[in-house]
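Common to both upcoming complexes is subunit A, partnered first by subunit B, then by subunit C.
Presenting the complex of A and B:
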């Protein structure tokens, strides 16, 4: 039964992908390429990039003992610049204990509850964003490298189906803007290709840090759809699909976006 | 450091030629709550902004600024200074809650 359902999902996904034009691999552009020169300069200069303040918090959280186990991230993993190099570029990844794909912040919280015996960080909390940004920073410049893992395939197919699914009162899919109409304007805003390679980001509009899921929720309320809650399986599926779609693009974490 | 006052990022050269003009950049993590925004309960969030920044070289003020609610979160200030001697620079921020943050950096002349 579940196999039948999986096949139906795959069929739907491939039918949907025919309906819109996927961005060709050599035509892909990072969100940074759509920004003003001033915003790009802000991202490129570590002393002007406000997201670096968050990575400093992440650096001290890395060595802070927490939970009943009284262990820090560093007690198990060692110094992050070595142990976390390239790790964020591989997420979302399949977690064997959870039997499910986890994104990076999901993995941080899995470590918190399972290893440190501490309470999970709240979604979008300053600590969770800071640790994610600090871990992400260790992969900066490395290519987005989604694992070649068959256990991620159902999630990726589901993510691609969601990508092409029309939603909300405005009845738009992600693909209609970000595959079919990137580079054009929506109101005054330039439509980017929606790659996940700079998250978590400092968004000037937010005056603060935010995750990819926060960005998804922004877009969903933009098309007047009911946004999924943080941590929803749909978001993980979209993240798995988007990391595949951005494979090979350099990680920019922690990015700045307008 | 207390309340909303967060970490600071300061950029300046470690060494400069005597008489050279250097650029100093200072940024501090602060939400710069304007006092005009409603919170999730619909109440106005009280104003809490960094209202004063000062930079002192060996106790002598070289740059100061009064800040107002139109400033963005995490205010970033860039200014220049002529280096006549080596010494210590102190950077001070004060916010509406009275919280202070101070960072120190040394500069050498060559």
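Presenting the complex of A and C:
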């Protein structure tokens, strides 16, 4: 019964989305393809990529004992280059205990609180970004591989609905910029297709690291909409939808953006 | 469309001091708003300043136009050059007030509409993007953008 309902939701969502032109699979381009040669070179060269510093912090956090349990991530998982290979590529994933999809940083914090008995890291904290970037690095070059999991279907449908909804005083949907007008110029910025495959990123404009949700919040305030808070279900839903939309594209984490 | 109009009228009628009441009423005839929104004549120089202001008018995020001093003009929308030759004053006014009345899927923001929006940030809630007098100033400037090659608006279009 609930499966049937999920299918109906999906059918309705795709009917509604006919209003905008979805990016064809073979037309997809990474955000990096819209960058200047210099910024692109910065991402591609590990010695120049400023986000690599964050992954180094992540590497040392991986083995740092923490919380009442006095355990490190590595105590449970072993060395990340083996155990975390391909993990970021398949997030967000359904979490059985929480009966909800979790993004990668949500999973990191679930381990913090449930396994390490430590306080969750704050959204956008250097530690959370560093661990996410380090885990993401272990999937670099692998295809974005959202799980074929029916329990994610409602979240994906909800994400697609949010994607197509016009919001803010300027009354824009994500789709109007990223499906219908990618490659065009919005003032000085080239509009990318909004693939989530390079996050967390070092953004030159931020002069620092930031998560996909920080990027979402920037786009929302750009259209003068009230942004959802960090960790909001809406952001998870958007990411579930976007990772499906980016399926098969190579993970670039840790990315650089202008 | 009609529903939205009716809703706006109901809001105007019953919640008198609410923010909705701060918008001037206007009448749409065909694809135009013939009568000016404010009492004061539009000032083209002020209108130009609004258009190039990236916080206020935001026009050059999407449009280009004859603004040689402005770098980084957008290319999402047609050039504003010659807009005053292609469209009458009333047509320009409706285009500014609520472009979705002309094309429901238009990405151009409705500069003088506060209904049927969602999740507007608190600072902008119940406020139009531009005030009535700003709209008149912008329309007055757009009318000066004449293109020799375009036909003048016909009397029928001009209403």
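Following the convention adopted for this analysis, the second predicted complex is superposed on the first by the 246 of 258 C-alpha atoms of A that agree within 3 Å, B and C clash if a C-alpha of one lies under 4 Å from a C-alpha of the other, contacts with A are read in each partner's own complex, and residues count from 1 in each chain.
Quick note on the criterion: a contact is a pair of C-beta atoms (placed from the backbone, for glycine too) under 8 Å apart; a residue touches a chain by one contact, two chains touch by 3 or more.
The structure displayed is predicted, hence computed values, not measured ones.
Engineer: Put the two structures on top of each other at subunit A: do subunit B and subunit C fit, or clash?
Structural biologist: These partners fit in the superposed model.
Engineer: I'd like to know which partner A:224 touches here: subunit B for first, subunit C for second, both or neither.
Structural biologist: Only subunit C is touched by A:224; subunit B is not.
Engineer: After superposition on the shared chain, which partner residues are touched by A:52: those of subunit B (first), subunit C (second), both, or neither?
Structural biologist: The answer is first: A:52 touches subunit B but not subunit C.
Engineer: Looking at A:250 after the superposition, I want to know if it touches subunit B, subunit C, both of them or none. Which is it: first, second, both, neither?
Structural biologist: Neither partner.
Engineer: Look at A:74 in the shared chain and tell me whether it touches subunit B only, subunit C only, both, or neither; answer first, second, both or neither.
Structural biologist: neither
Engineer: So in the superposed three-chain picture, is A:184 touching just subunit B, just subunit C, both, or none of them (first/second/both/neither)?
Structural biologist: Touch partner of A:184: subunit C, not subunit B.
Engineer: Now for A:207: first (subunit B), second (subunit C), both, or neither, which partner does it touch?
Structural biologist: first
Engineer: Which partner, once the models are overlaid, touches more of subunit A's residues, subunit C or subunit B?
Structural biologist: Of the two chains, more subunit A residues are contacted by C.
Engineer: Tell me the contact category for A:169 with respect to subunit B and subunit C: first, second, both or neither.
Structural biologist: It touches subunit C, and subunit B stays clear.
Engineer: To the nearest 10 degrees, what angle do the lines from the C-alpha centre of subunit A to those of subunit B and subunit C enclose?
Structural biologist: Result: 100 degrees, to the nearest ten.
Engineer: Please provide the least distance in Å between a C-alpha atom of subunit B and a C-alpha atom of subunit C in the combined superposition.
Structural biologist: Minimum C-alpha separation, subunit B to subunit C, in the superposed model is 17 Å.
Engineer: In their shared complex, at which residues does subunit A touch subunit C?
Structural biologist: Touch residues, subunit A against subunit C: 19, 165-172, 176, 180-181, 184-188, 220-221, 224-227.
Engineer: Within their complex, state which residues of subunit B touch subunit A.
Structural biologist: 6-7, 9-11, 25, 27-29, 31-32, 72-74, 76
Engineer: Sort out for me which residues of subunit A touch subunit B in the complex.
Structural biologist: Interface residues on subunit A, with respect to subunit B: 46-48, 50, 52-54, 56-57, 204, 207-208.
Engineer: For subunit C, which residues are in contact with subunit A within the complex?
Structural biologist: Residues 54, 58, 60-62, 71-76, 100, 105, 107, 109-110, 117-124, 127, 129.
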